[in-house]
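What follows is a pair of complexes built around chain A, which joins chain B in one and chain C in the other.
Showing the complex of A and B:
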């Protein structure tokens, strides 16, 4: 039982990271990004290219991956979404679907479809937490990454000047631009941060299973569940959301077998929207037309 | 197309009438001529494209008129197709009954998925339809694995009101009837009170709400209607191809349908049909084009081996490019060209005209 709960927590950490990416883009850039799955997969494959294919030192691998992802995020804004500014929200969502299709095609052309094992920086061993509960080093790595990301995000948006500017740009782009906020660069930063965090989740997830496009892409899409439970705009709300999804998925797999993993999160979404459409932790929207 | 509602009231000028009836005559001639000149394989391609245009018209209703995004197109096609497989093989129902049942089931599924989403905001429909996709594909995958295995279901040759559907020409006629009927219904719906309410909702939800249009109810109506139609098109396709297997219902299939109406022009019924033909026939044209190239080259081999992935990139890129460059699609382009040669139509007096225009154009 303790082992099962621990497993749920480890899974929740991954979901928290993916949910963070959804919420950040929705809040800062105002985009419901349905390409998150494909982008997360792309990030994991780029890391794999540096780590496994080219066998570069770990520092180079990490810095290189972050740099490439940041550039991709910047291009996403400058080439696509900047040009769509002023179009209705649903047009932006359609654009993310088109983008997902393009990225999937490129990724499969470049890296194929078969599952891969990423080179490990350290061996994945069992760690005993309590006498009857074990987890793995990569499970702990996921929890650590989630703690660092959420802690850093909290400090960044609360205290740093840039973080406050991002919040301002999200709140009202026109006023922010008049207040000397470089809105375009804020959006580029939003994309880069969201894609990096999503990639971290994808990489750690791939270490615990294997890297396959389908596997990480669907993980990225399921990550909308914790974001939605948290209300789509609250970064804090992602944490309890991720715990709920992690628990539901762990027990779903326990009682209904492995394939239940693919649908539990989606069923949670439908149930949550039926009971409390604004999310369990979201604020009630004033304008609901 | 959207300002057709206004054009209906306005005095039609002579070039306007000429364009309208000239176009209709050409289309009617083409419909009659196609089965006489096309080879069986080409006719089956055209029929497939026509079935796809049913789904595209349904999607155009939801996205172009009501301004909603749905990612669940493949799931609703699967509902129609697997419903047909179940009804035909297990219940041994008649083809016509299956079609009616498919519409009802599709509508109910649309209601179940649309209801929670549209209470909050239109954009949430994208999320619940995504959920629908994964749940439906999972459920049908299990059903297929537990009954017939990975090869999928096989469907009997149907009989439509006593006519045995055993030739491509018969299928072609049946599907043309469906497409024309759907086109007629949607065009009339568009110019009705409901259609105008949808367009107002899409362009300005707040204005619509003040005019007594209940946003959630109207959006739900659009999604339920289109879900029924998509399900019927899934049933037709299943009977036409006579096989149903889960691998054909991917998320990317939904994106293909979105590409059809973005390329054709959101909200334009004729555009949806044109887009459906373009997207359905593109793979065949591409592979035939590649076959014409001198063989043996590495580029040709690469293209032939990866046609599926190249399609993914092409459809996705077309969606993004059209959204940026021509949000009103080919229909907008055609309208602009015909307007240029018939300048008498370009009279913008009513404010209604302008406000409706801005929806499909750059808002």
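Showing the complex of A and C:
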């Protein structure tokens, strides 16, 4: 039982990172980003290019990946979504679908379709947590990354000027702009942050398997589950949402077999949304007529 | 009057020329022209990372063959067309090959393309030489379908035959075998066969067969179930990415017995990453192996014809062997070879010696499955490469 719980927690950490990317962009930019999975994959491939193909020092690899991804995020807003400002929500969603296709095409043309092994900064060894429960170094890395990301996000949005501005722009962009908040740059930052966290999730996941666009993109799409359960407008809701999904998947398989793995998360989503449509921590959308 | 006679004469000449050309395409091969062969392969789609080396291997062999004068005094005109693993494109390719009078079609890395192409090709008496397929392509034998790759259903027999060998070496009389497979319809059939096969050998199926998704994120629960079953061996069926997740999870749960996987999980990088205790089979040797003399000829030809960068995995060898099959068949077929003639000649070849690039290939009227043996590999950290841990093992019960 302890080993199953530990496995569920490690899985939840990855889902939490992916869910964060979904929720952050929805919360700050108001976009349901169906390209999240593709962006996870692109981030992992860019990291692999630095780390494995060019074999650059790790500091350069990490900073270089973050820089490239941040620029890509910024360009995504400036080139595509800024021009769609004011359009109906479905148009933005369709645009993200188009973005996913473009990213897939670029990845195929640049790196092909074969699965790759990313060069490791340290070996993936077993780590015994309790006498009955073992994980790996990269499993712990995923948990650590999730804690750092959520801790940093909490501090950023609560205590930093920029974080407050982002919250203001998310609440009411018109008022925020009138209050001299540079809404455009807030949105650029939102994209950059979401893509960076997505890339972290994609990279850590790829260390547990081989890097393939399809595999990482699938993780990205599954990652909407914790976001929906926690609430698409609630960053803090992602953590419990991820834990619920991780536990549901792991124990779903335990009691109902392997085929239940892909189904249990969606069943949990259905149940939660039937009871609380905005998610466990999401804000109820009130429309005044 | 003179101009109308001239016009009539020109029309007659044109008509004669058209009839001659039509006659050429219908016959499949004129005594003077080259042998025409087609290949439909995934060069840009989801399996292109294997399709491109496969196509390059075949093209390299044919280029080398033509350089040494071809077969029966004729060269081989090989046309390779992309199907991107798309059924519609595959059908278009086959129709194009038929219209061009090609006498055989090779390729189709995804078997559903072969399934859709076979009826069309058979109607035109053009044999399709594909890569595996479901049981109904082989039982009963389809006159115009051959396979130069192992059928997916046979992988369980190959792995269990290997386990039989190892269990005897280790003195295990009644091996406990756990089954851990990707959850697809073809693999469910394979698992059902494996379960029957394990029982018929008097062995023990350790626990319930466990399934994992095509792109697994976590398989802790399945790995724990396998641990509780206390197997001596794990029969696995998944690709490289899935094998990495599954085997790492098994080891995290404390399952350290040998895990034996199929050829989709046999890439050098996977063998290296998973190291000792992980074994996977291949049906063709990898270009990176150093103990197969025939590879030297293949490598030299690849360098000579600008295909060295495509020698990335055993699919290149598979393509090269396809070229060898073509050469042997054409030798037997003779100078004036049609589609029907190619089919008959291929079926009559019996055993084909690939000089160690694969196990012996066999074909007959009773079986159009050329590949019936596999070889198992693990990683050798001292030599820093994959090493064979078996000879060619039968993939039949």
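Just so it is clear, the second predicted complex is superposed on the first by the 265 of 289 C-alpha atoms of A that agree within 3 Å, B and C clash if a C-alpha of one lies under 4 Å from a C-alpha of the other, contacts with A are read in each partner's own complex, and residues count from 1 in each chain.
Simple rule for what comes next: contacts are C-beta pairs under 8 Å (C-beta built on N, C-alpha and C of every residue); 3 or more make two chains touch, one makes a residue touch a chain.
This one's a predicted model, so the numbers in the text were calculated from it and none came from an experiment.
In the superposition on chain A, A:114 makes contact with chain C only, not with chain B. Look at A:262: by the touch rule set out above, it reaches both chain B and chain C.
In the superposed model, A:56 lies in contact with neither chain B nor chain C.
In the overlay built on the shared chain, the residue A:91 is in contact with chain B alone; chain C does not reach it. Contact with chain B, but none with chain C, is seen for A:83 once the two complexes are overlaid on the shared chain.
In the superposed model, A:270 makes contact with chain B only, not with chain C. By the touch criterion stated above, A:34 is placed in contact with chain B alone, chain C being left untouched. Common to the chain B and chain C interfaces on chain A are residues 108, 218, 259, 262.
Only residues 3-4, 6-8, 10-11, 14, 108, 112-117, 124, 126, 134-136, 139, 205, 208-210, 212, 214-215, 218-219, 222, 246, 249-254, 257-259, 261-262 of chain A touch chain C when the two sit together in their complex. Those residues of chain C lying in contact with chain A across their complex are 44-50, 183, 208, 210-213, 215-222, 224-225, 239-242, 244-245, 248-249, 251-254, 267, 269-270, 272-273, 312.
The touching residues of chain B, when paired with chain A in their complex, are 63, 67-69, 71, 113, 115-117, 119-124, 126-128, 130-131, 134-135, 138, 142, 202, 205-206, 208-209, 215, 252, 254-255, 258-259, 262, 306, 309-320, 323-324, 327, 362-363.
On the side of chain A, the complex with chain B involves touching residues 32, 34, 80, 83-84, 86-91, 93-95, 97-106, 108-109, 218, 221, 224, 228, 259, 262-263, 266-267, 269-270, 273-274, 277-278, 285, 287-289.
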